[in-house]
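Below, each structure is written out as C-alpha cells.
In the two assemblies presented below, subunit A is common to both, partnered first by subunit B and then by subunit C.
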Partner chain A sequence: MSLVGQTLAILRKDLLAEWRTRERLSPMIFLVLLMLLVFNFSFDMAGAPLHRTGPGVLWSAFVFASLLGLQRTFAAERDNGCLDALLVAPVSRTGLYLAKALANLLYLLVVEAVTLPLFTLFFSLPVGAYLAPLPLVLLLGSTCLATTGTLFASMAGHTRLREFLLPLLLLPVAMPALISCVAATGAVLEHSRGGAASWPPALAAHLEMLAVYAVVYSTVCLLLFEHVIEE
Partner chain B sequence: MTEPAAPADPAAEPNLVEVRGATRRFGPVAALRPLNLTLAAGDHLLLAGPNGAGKTTLLRLLAGLARPQQGEVRVGGADPRRAAGARRRIGLLSHQPLVYDDLTCEENLRFFARLYGLDGGDETVAAALARSGLAERRDAVAGALSRGLKQRLALARATLHRPELLLLDEPFTGLDAGAAADLVTFLRTRAGEDGTASVLVTHRVTEVADLVNRVVVLDGGRRRCDRLWAGGDGDALQALCAAATAGRDRARAPA
Partner chain C sequence: MPSPSSPTPGAPATIRTHGPTAVVMALMTAALYAVFQYVPTESEMGLVQRIFYFHVASAITAYVAFLLVFVAGIGYLATQRDSWDRLGQAAAELGVAFSIVVLITGPIWAQPVWGRFWRWEPRLTIMLITFTMYVAYLMVRAYGDPGTRTSRFAAALGIMAFVCVPLVRFSVNLWAEEQQLHPVRIALDPRMLHARYVTYAAFAALFVYLLRLRLDQLHLRRRLEELETQVEDDVP
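Let's look at the complex of A and B:
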C-alpha cells in the first residue's frame, strides 16, 4: 500500500473515531470560547487598539486549545495497545506521522473556523476584505503547531508526566512561529483601520517567516518521528 | 554458560526466524542476555519462564517493536524494524486487545485490511468475522464487547493477513476457562490450516500442551531449556518448565 494510502487510511480512522466521540473537538472548542469570554471581560477593549491585544488573545486561545487536543494524539493508540498493532503492520512511520499531524491540523482549523466569527463578535471587529489574509496566517501557524505538536506528543506519550511534558517541550520550540503568528495577525487587524483590500505591507515578511518555519518544522519532525515512536 | 543446541533440523527449509546474539537491557537490568534462536515454519514454540525472564522482551524483538542492543533479529531474512515485508509476515496477539474501542468490529478489521493492502478486503473481513463468530456483531463497537469477544476480534485482526509467524503474548489474560479453550481450538485450527509458526508466551502452560511442539524456558534473560515437545500431558509440560528453573527457585528459597 502506498504512503498516501496508508496516511489516508489512518487519517480516516482517526476522523471516524472523532466524529463518533467528539472527545477532542468538543473540549478544544469549549476552552477557546471560555478563553475568549474571559479575555473579553478582562481587557478594556475600548481603550486598547484591537491590533495590539487581539492577536495575543486569539493565539493564546489557539495554543491552549491545541495543547488540549495534542495530548490526545496517541491516546487511542495507547488504549488497548493499538500502537503495537500499527507498528507491527507494514505501515511506514512517515505515513503514521503524516496522518496524525494532518488530523491535528484539521482539528485546529475547525476550532479556528468556529472561533473567528465569535472573535469578531466579542471584540467588535469590523468584517471586511482586509481579513482575507487571515486564513493563510492561521493555516501556516496551525501547521507549525500541528507538526511540532505531533512529534512532541509522541515523545511525551512514552512518559508518565505526558500532560506536563508536552507544553514544556512544545512551547519553547514553537515560540518563534507563534511570535510570527501574533505579528502577522496584528498586521492584518491593523489594516482594518484603512479598510483596504490590499495586503498590509508588513504581512509578507511575517508570512515568509511562517512558511519557512512550517517547512523546517515539518521536515525535521518527519525525520525524527521514526526514532521517537520506536522503543 | 553454553546454550543448549536448538532442535531445528538444519536440513529443513530456511529458518523463518533467526535471532543471533540479541541482547536487551533496561537500565541496569539485563532483560535478555545474548540469545540465539531459530524457528522454522511449522514450529509452535512455547516461551515459558517466571516473571521478568525476558519472554515479552524477546517477543517484542521478534515483532520489531524493540531494538536489540546487540545482535540481530531476522524474520524471513529481514529486520522487522526496517523491512515492512518482514512485518507483513507477522501477526501479533497480546494480552491487550489491540483494537480500537470506538470503531465497530467490521471497521476495525477493514482498517487493518487496508493497512495490509489486502485484495478483496470486504470478503476477507467478512470471512474473518464469520470465522471468529462475530458476524452478527459486525456493527457493534469494540468497546462494548466482552473480554472474550474482544479477544476473538483481536485474533481475527492478528490473523487477517494470514501471517507466517504468529506472536502471542499472554493471550489468555482475562479469559475464563471456556473462552481460553475456544482460543486454543481456534489457534490449533489456524496452525493446521496454513502451516504457520507461532511463539506463545503464557503462564497457563497446561492449556497449551496440545498446541505447541517445542518449549523454550527463559530465566533472567537466559535460555534454561530448549526441547521438542510431542504434545499431551499438560502437567508434564508444567513440570518440565518448573524443572528448568528449579535451581533458581532453590537459590531463592529461605534457608
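Let's look at the complex of A and C:
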C-alpha cells in the first residue's frame, strides 16, 4: 500500500470513529463556546476596539480547544491497547503521523468554522469581504498547532503526568506561530474599519511567516515522530 | 575521565576538580576586577551598565548550552548512546540556569534605564519564551518513565526547541519591532571591550566546569544504578 493509501486508511478509520461517537468534536466546540462566555465577562468587549481584543480571544479559545482535542490523539489506541498492533502493522510511521496530524487539523478547522459565526454574533463583528483572508490565517495556524500537537501528544501520553504535560510542551514551541496568528488576525480585523475589501498591508508578512512555520514544524515533527513513537 | 585507582575502568572514582576550580576562580576574579575597577562608568546609563557584562555573557552561554542540547539530541537519536543523553540533560540544566541569570539581571538593569522592571521588549521576550521551552524539556525528563523512551522524547524536544529559537526571534521581532530597547552599541571605550572578553572567558570556563561536573555526576549515577541491578541479580 502506498504512503497516501496508508495515510488515508488510518485517517478514514479515525474520522469514522469520530463521526460515530463525536467524542472529540462535541467537547471541543462546547469548550470554545464556554471560553467565549468567559472572555466576554473577563474583558470589557464593548469598550475596546474589537481588533485589539478579538484576535486574543479567538486564538485563546482555539488553543484551549485544540489542547483538549489533541490529548485524545492516541487515546482510542491506548484505551484499547492497540497502539502496538498499529505499530506492527505494515504501515509506515510517516503514514501514521500524517493521518493523525490530518485528523487533528480537520477537527480544529471544524471547530473554527463553528466558532467564527458565534464570534461574529456575540461580539458584533461586521461581516464583510474584508474577512476573506481569515480562513487562510486559520488554516496555517491550525496546521502549526496540529503538526506540533500530534508529536507532543504521542510523547505526553507516555509520561507520568499523561495529558497534563501536553500544554506545557506544546505552548512554548507553538508560541511563535501563535504570536503570528494573533497579529495576522488583528491585521484582518483592523481592516474592517476601513471597510475596503483590499488586502491589509501588514498581513502579508505575518502570513509568510506562518507559512514558513507550518513547513518547518511539519518537516521537523515528521522526522522526529518515528523516533518518538518506537516500541 | 579514567582514574588509575578506580576499580572499574571508565568510571571516575571521585570527581576531581581542584585544577579547574582554580582556573574558574582566577578568571571570575579577573572578570570582577575588570567590571568593577577597570572599566570606566558608562556616561548615560551610569553604574548599572556594569551588570551588562554578566547579562550578555550569561545570554551567550545559555544559547551555547541550547545548541549543545540540540547536537546531543541528534547524537542520541542517531546512535542511541547514553553519553549523548547525559550531555543533553546536563546542557539543558545549565542553559536554564544561565537563562535565569539573564532574566534576573535584565530587569535589574531595566528598572533604572527603562523606568520599570519588565517591558515586553523583543530580546527579553525571546529569552523568556526560549527559557519556557527548555523548562518543558526538563519536565519531560523529570516526569518521564526512567528508560530510553524518555531519553528519546527529550532528544526530540531538544531538537524541536532549538529549531524554534529562530522562529521565536522572527515572530517576536515582527510583533514588537518598535519596542526594541536594547542598546545597539555600548562598547565605546576599548577598556569596555577588554572587560567583555574577560567576562566571556570567565563564563565559558564556568560553563565548561559545571558541565563537566554534572556529566561526571550523571555518569556516576548511571554506574550506581548498574551496580545496584548487578547486586540484585547476584543475590537471589
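Simple rule for what comes next: the second predicted complex is superposed on the first by the 230 of 231 C-alpha atoms of A that agree within 3 Å, B and C clash if a C-alpha of one lies under 4 Å from a C-alpha of the other, contacts with A are read in each partner's own complex, and residues count from 1 in each chain.
Here is the rule we go by: a contact is a pair of C-beta atoms (placed from the backbone, for glycine too) under 8 Å apart; a residue touches a chain by one contact, two chains touch by 3 or more.
This structure is a prediction, so every number in the text was calculated from the model and none was measured.
*Asks:* Looking at A:I179 after the superposition, I want to know if it touches subunit B, subunit C, both of them or none. Which is it: first, second, both, neither?
*Replies:* second
*Asks:* Per the contact definition in the header, classify A:M155: touching subunit B only (first), subunit C only (second), both, or neither.
*Replies:* A:M155 contacts subunit C only, not subunit B.
*Asks:* Touching A:E230 in the superposition: subunit B (first), subunit C (second), both, neither?
*Replies:* Once the two structures are laid over each other on A, A:E230 reaches both partners.
*Asks:* Based on the superposed arrangement, let me know which partner A:N40 touches: subunit B (first), subunit C (second), both, or neither?
*Replies:* In the superposition, A:N40 contacts neither subunit B nor subunit C.
*Asks:* Considering only the touch criterion stated at the top, classify A:V220 as touching first (subunit B), second (subunit C), both, or neither.
*Replies:* second
*Asks:* Between subunit B (first) and subunit C (second), which, if any, makes contact with A:T94: first, second, both or neither?
*Replies:* Neither partner.
*Asks:* By the touch definition at the top of the document, which applies to A:T120: first (subunit B), second (subunit C), both, or neither?
*Replies:* Once the two structures are laid over each other on A, A:T120 reaches no partner at all.
*Asks:* Once the shared chain is lined up, is A:G5 touching subunit B (first), subunit C (second), both, or neither of them?
*Replies:* first
*Asks:* Using the superposition on A, tell me which residues of subunit A are in contact with subunit B and, in the other complex, with subunit C.
*Replies:* Shared contact residues on subunit A: 230-231.
*Asks:* What residues on subunit A touch subunit B, complex-wise?
*Replies:* 1, 5-6, 9-10, 13, 16-17, 20-21, 76, 79-82, 84-92, 230-231
*Asks:* Using the touch definition up top, name the residues of subunit C that touch subunit A in the complex.
*Replies:* Listed in rising order, the residues of subunit C that touch subunit A are 77, 129, 132-133, 135-136, 139-140, 143-145, 149-150, 152-153, 155-157, 159-161, 163-164, 167-168, 170-172, 174-175.
*Asks:* Can you check the complex and tell me which residues of subunit A touch subunit C?
*Replies:* Residues 148, 151, 155, 158-161, 165, 168-169, 171-173, 175-177, 179-180, 183, 205-206, 209, 212-213, 216, 220-221, 224, 227-228, 230-231 of subunit A touch subunit C in their complex.
*Asks:* If we count contacts the way the header does, which residues on subunit B are in touch with subunit A in the complex?
*Replies:* Spelled out, the residues of subunit B in touch with subunit A are 60, 63-67, 81, 84-85, 87-88, 90-92, 94, 96-103, 107, 111-112, 114-117, 141, 157.
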